[in-house]
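Both of the next two complexes hold chain A, though its partner changes from chain B to chain C.
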Partner chain A sequence: MAQLTLMRTPTETALVQAFDAAKATLPGDVESRAKAFEIFNRNGLPHRRVEEFKYTDLRALMREIAPFAVKPSASDAAAALAKTTAFAGTEALDVPFVNGHFVRDAVKFDALPEGVEIVPLAEALASGHEWLARLSPVAWAKDNPVYQLNSSFMADGVMLRIVGAVETPIHLRFMTGSETAVATATRILILVEDGASVTLLESHEGTNGAAHQPNDVVELIAGDRTNVHHVRLNREGDQTLALSTLALKLGGDAYFNSINVVAGSSISRHQVFAMLNGENSKAQINGVSMIKGGQHADSTLIVEHAAPHCESRELFKTVIDGEATGVFQGKIIVPHHAQKTDGRMMSAALLLSEGGTMNNKPELEIFADDVQCAHGATCGQLDDDLLFYLMARGLPRMEAERLLVQAFLGEAIEFVDNEAARDGLIAIAEDWLKARV
Partner chain B sequence: MLQIKNLVVQIEDNRILNGLNLTVNKGEVAAIMGPNGSGKSTLSYVIAGKADYEVLDGEILLDGQNILEMGPDERAAAGLFLAFQYPLEIPGVASMTFLKAAINAQRKARGEIELTTPDFIRRVNAAATKLEVPKDMLKRGLNVGFSGGEKKRMEILQMALLEPRFCILDETDSGLDIDALRIVSEGVNALRSPDRSFLVITHYQRLLNYIVPDSVHVMSAGRIVKSGGKELALELEANGYADYREIEAA
Partner chain C sequence: MPAVQETIDQVRLIDVDQYKYGFETDVEMEKAPKGLSEDVIRFISAKKGEPEWMLEWRLGAYKRWLTLKEPNWARVSYDKIDYNDMYYYAGPKNFPSPKSLDEVDPEILKTYEKLGIPLREQEILAGVEPKNRVAVDAVFDSVSVATTFKAELAKAGVIFMPISEAIREYPDLVRQYLGTVVPVTDNFFATLNSAVFTDGSFVYIPPGVRCPMELSTYFRINEKNTGQFERTLIIADKGSYVSYLEGCTAPMRDENQLHAAVVELIALDDAEIKYSTVQNWYPGDSEGRGGIYNFVTKRGDCRGKNSIITWTQVETGSAITWKYPSCILRGDGSRGEFYSIAVSNGMQQVDSGTKMLHLGKNTTSRIISKGIAAGRSENTYRGLVSAHRKASNARNFTNCDSLLIGNQCGAHTVPYIESKNATAVFEHEATTSKISEDQLFYCQQRGLSAEEATALIVNGFVKDVLQHLPMEFAVEAQKLISISLEGSVG
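What follows is the complex of A and B.
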């Protein structure tokens, strides 16, 4: 029944055509792109019968594909960047992208902070840069169709190398500024060398009213004794379908702290594939989603404790208003040799309306016997007694709710080390709550 | 100032208040005493506007205005304050943020301008000093990790800052040590004024030695069954509620 396996949705057919048309012009080795696309194409767009996409059926959600964005002109890029506001109060080295293309002119390459190297990805791909060998560090990503779509279409991005203690945060600023819908595929590779430390800010903004389809991947290889703080903000436009992946490979005696804050896009799926690869490391992986109307936000993560004596904490908070849908799928994997693993994963959702939905699926896959692992998931409403207490002191209901929701989200946001970035996120939560009425 | 007429309240088909009548005049301190479960906290919640209760009959007038249709926040802005029998802990809501939000929400509702931050801090500090509330307690989440007595002091601190016209104290004395009882009572007495009334719910005559009431009311099975002067509290202390339970049974 060869014909059955060839059945394609119009979107999938369009993706095949788009890949065939683009592969010759995309930078770098066509072979490896073709291989990636083949992996994607084996099963096509994931749908609800694919376990990892059970609650985010991309076959149903991606009815068409937007044309892939071309590199914007210097003036268009500057105009688009002028509209960005993410982490406005945070001093950082700006590394901007417009419509998925690195805005090279915006970075002063001769005046980078000490310990920071930046290589534009399109050039690196074209010239076969040696760091490219370090792409795809985490095996869990390799079967993932969203990741492989990015590998097929990635047009630009940067490779960053961090050596020593870098004080200035680095801000990867993505802006989809096009007025008409575009698709983008960016890839970031970050090499944090042994003993180095850095704060990475990542923001994604875009125009409202256009059905953009960004698919971005950040791959982070952090060596031994590294200290990495990562703050990601999704403020995509209101019609955007945003797919994103963070792949992390962490060395020993290291600390990694990441948060993804969803305050934009109509549909989003953020995937984390984290591999704790050296002993005595600690990872704190958090998420905050604020969704309303018909928004859909999916956080899916796999944390593999590939080495013994590591600690991981995952804390995901979702606030749901209107008819929005939240998804949390988290899995901690502990192979038989990873003794003394300490892993704790928690997803908590707050439903502010009758019509909202939360799908929670936390899992543990434990093969070692001497471990401490736990997971939990809750889904509830605001506590009426607490609301009454606040209202009895004069706070109108909306304001009382706002204080309680802020407190709820604050538990995840407070892990952000950079004060300005943290304040920025708190302000976003406040704005979101104020906009509810 | 506060007039409660024939108040009948139930919760989940349990009749708790059975035609309660009570009047507290302007500037008056009225005490309510009564056995456990007689409905004292229910009365205080219904006055403050808690939603769980079904008011089947009667009215509650604050300066002639029926407040039963008002939300709890509107009642607070109108000058009503309830010091809870069991103040709630709210993790993640900083005490100072909460206090400022509460004061300014009430001012806004009354059409007054908001307090400036320095002015607010000055007032909090003054009240905290008077009530011997340590400053670092105010840096924590609201009531989080406070002892029972500390929570009660925090309630009185809020009352002092919000300057209500009608204050209900629901067993504010329970859980207080001897020194705290004195401090809290002095805090309350300092707020006594010809324009401010109090409804003090307590089980113990001792509190009424500090906060001397103008009237004492005995509540039993959801009604005020006897009213008198402050000597009534002494009588209750000596004889208990046995007499009033008989009235109920009869």
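What follows is the complex of A and C.
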């Protein structure tokens, strides 16, 4: 095949320049960054001819690169954090980030809940912390260009270690407060040791009107008999292009429950790479996207059942209004030895307007013969019969629609275990629906 | 749940080393010079006595093909094909156009006898009730050797003949439709086919005519080191109906042979085309040596309103299958259906599925696909269902199940579902559990277990489709239908 890849778009050229300029100032080992960037640069930004990015053509969508954000001053950080909206109650341990940089002063290191350790990533990278060896646990992520970009540019983040049962939820609060567009690259490494349990909340917010480009990666290594609940909320600014990745490596006899809720950003792509590495584990991975106008929301998922006797459930709900585009690409992989796997993947989309688009691609890749795997995908508008039923009982049409959509989204949200977080998500869904009228 | 013993036994019966049609026929052949060049294309065109426009069309396709790259997105792997190391034309010698069966080489007739394909009309009449008659077009390597019942079909106004003959006799008709469903530039293999296609069938059903008998084409690859490039064009004019069947076999050899066909179907207003395939090319031996590369482009265009195109396929042969019979649902109210059973064994690789493109209003489509993988084979379903902006009230139901026998094989599902219209309703199911609750309830109420009821309903449904196949073709298919649905993996 002819090598046509040498052609660079202006964005790709800008990325090369940005990396050359930044690599010396970024913390930690330059070598490994350069390696990650070189792998990325070989193929450049993924485009529609790259199967995994068929429906989210980053080469076309990223017309320019915003300058990478610098660490904000203490007062700027405090001002930005004051602007974030509350989510999920006040009980949580607050771990805030402004413009992609960890706000160290906001965390009382001497009063952390028992079983929680926090190490700022920038310092860890600079000093070569021992936990760094556990970064990048999932092969699927390493092959991914968005992940490679994060590996090249990651400027800050935290490493968390959880031992035993931690009752207090941990809230990773991201705020991009800059008035002009900035790019950020954060990396979170969470080590949940054998037998531990924890609830992780993640919220991402940003200023409206600026085309921010956050790229954040959460890597979660959960050991045997762990119990992890994870809630991620995208409430980015209305011009934001948000790329995010969750890489999970799950041990045996463990339970993992995650939801990603998209209620913001102009373009978003959330990728989940989950590897079920020990027997008898269960993973519930859900997603809810509420999009309108010209928004584009992509949920991409790979679940590899690398051990036998595991169960995975994936439930993704997308509500599309205006000319928005929803994308779901899911893949369950069952290798030869993963017998008795039970995997079920479902993607359902509601098109509320004439101009919306939904692209579904639920894949199965199965090599073991004694397994149960199923996938389903539906796409359509609200059921006329149900609408009629509600309207016949005196509800105005808008109200009836709202109720039905809420019930539709609720099916995915109800898996959230933390009550405050669940209520918060339901309220966000209600607000989104009210704003339609 | 693992596959039950009965299923395993039945799949074993059609395993690769049980291939029954692997014999060779010794006939003196005339071939084009080896390799592919403009001269070879001129040679083929001259052999077929084609008009100038056809040659130009072929040469245009060839020029285009030189600029194309072989597609590599399918989940199949094979050694690079050397397109200059095969013959593009092979026909029995002294045999420009046989006037009657008596002129056909007796060796060839024996071949068809061995394959169980009736070429003599009186024999068919003697043995079978008239309603089961089948008109056959027999294609031997690059040449159509016999077409039966031509005269009787002509009485009904039906044109059924080798495409090379149609190009000479009905050039306007061919020119009007050829390449309108699968354009010359469609894909690598279709473009190659456009440049070098040798024979295949041409069918035209006039308005309002219900074709009085089943039409069929039987493809046989015999000669070593040749590729078969057939081209079939079926046009059902307004309000007409035709059922067309296709069968194929090849000798057992260590080499891989290329089969790159193009099939185009055109259904005008209220017309219906049923296209059925029993694909049984030589699949290679159990170690993966030899076998046919089946790289086929099949597409139907529901051009008129309320037209119907149905694809039914039973796939058991070929070393590699790369085949996506599709429907373009252009006419308002048109319907596309795809029923497929793909069984892979040994080292076979199957990447097959369908595309349903909803362009018109109130269009409906249904996809039922069952993949069964055994041995060390790979079986992939790849399908696309899309609704364009104007396809209001489009409706699709897809059900694809796979079954694995042993843990050396793989079954994969790659569906693409793209909707740009809010009133379009698409459902993709991968389990058999979501059959109509009413039917299930009805059966269960009469004492059947849920599994039995499900199997009964689904089997009954598939059987219903395959009953449209005539006896000769149904035998192979019936074996597969009885395969239990237990142990499906979605």
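Operating definition for what follows: the second predicted complex is superposed on the first by the 429 of 437 C-alpha atoms of A that agree within 3 Å, B and C clash if a C-alpha of one lies under 4 Å from a C-alpha of the other, contacts with A are read in each partner's own complex, and residues count from 1 in each chain.
In this section, a contact is a pair of C-beta atoms (placed from the backbone, for glycine too) under 8 Å apart; a residue touches a chain by one contact, two chains touch by 3 or more.
Since the structure is predicted, the reported quantities are computational estimates derived from the model, not experimental observations.
Peer 1: Using the overlay on chain A, decide if chain B and chain C clash or can fit next to each other.
Peer 2: fit
Peer 1: Can A:A111 be said to touch chain B (first), chain C (second), both, or neither?
Peer 2: neither
Peer 1: Determine, under the contact definition given at the top, whether A:T378 touches first (chain B), second (chain C), both, or neither.
Peer 2: Only chain C; A:T378 stays clear of chain B.
Peer 1: Considering only the touch criterion stated at the top, classify A:A133 as touching first (chain B), second (chain C), both, or neither.
Peer 2: Once the two structures are laid over each other on A, A:A133 reaches no partner at all.
Peer 1: Tell me which partner A:F388 touches in the superposition: chain B (first), chain C (second), both or neither.
Peer 2: After superposition on chain A, A:F388 lies in contact with chain B alone.
Peer 1: More chain A residues touched by chain B or by chain C?
Peer 2: Of chain B and chain C, C contacts more residues of chain A.
Peer 1: Between chain B (first) and chain C (second), which, if any, makes contact with A:E411: first, second, both or neither?
Peer 2: A:E411: touches chain B, not chain C.
Peer 1: Tell me which partner A:R397 touches in the superposition: chain B (first), chain C (second), both or neither.
Peer 2: The answer is first: A:R397 touches chain B but not chain C.
Peer 1: So after superposition, what is the minimum Cα distance from chain B to chain C, given in Å?
Peer 2: 14
Peer 1: From the superposed pair, tell me which chain A residues show up as contacts to chain B and also as contacts to chain C.
Peer 2: Dual-contact residues (chain A): none.
Peer 1: Show me the residue ranges of chain B that touch chain A in the complex, using the header's touch definition.
Peer 2: 48-52, 71-73, 75-77, 81-82, 84, 87-88, 90-93, 97-98, 101-103, 105-106, 109, 141, 158, 162
Peer 1: Going by the contact rule at the top, pick out the chain A residues touching chain C in the complex.
Peer 2: Within the complex, chain A contacts chain C at residues 1, 51, 336-337, 339, 349, 351-354, 356-381.
Peer 1: Under the stated contact criterion, what part of chain C meets chain A in this complex?
Peer 2: Its residues touching chain A are 1-3, 69, 73, 389, 402, 404-431, 487, 489-490.
Peer 1: Please give the residue numbers of chain A that touch chain B in the complex, ascending.
Peer 2: Residues 384-386, 388-397, 399-400, 403-404, 406-408, 410-411.
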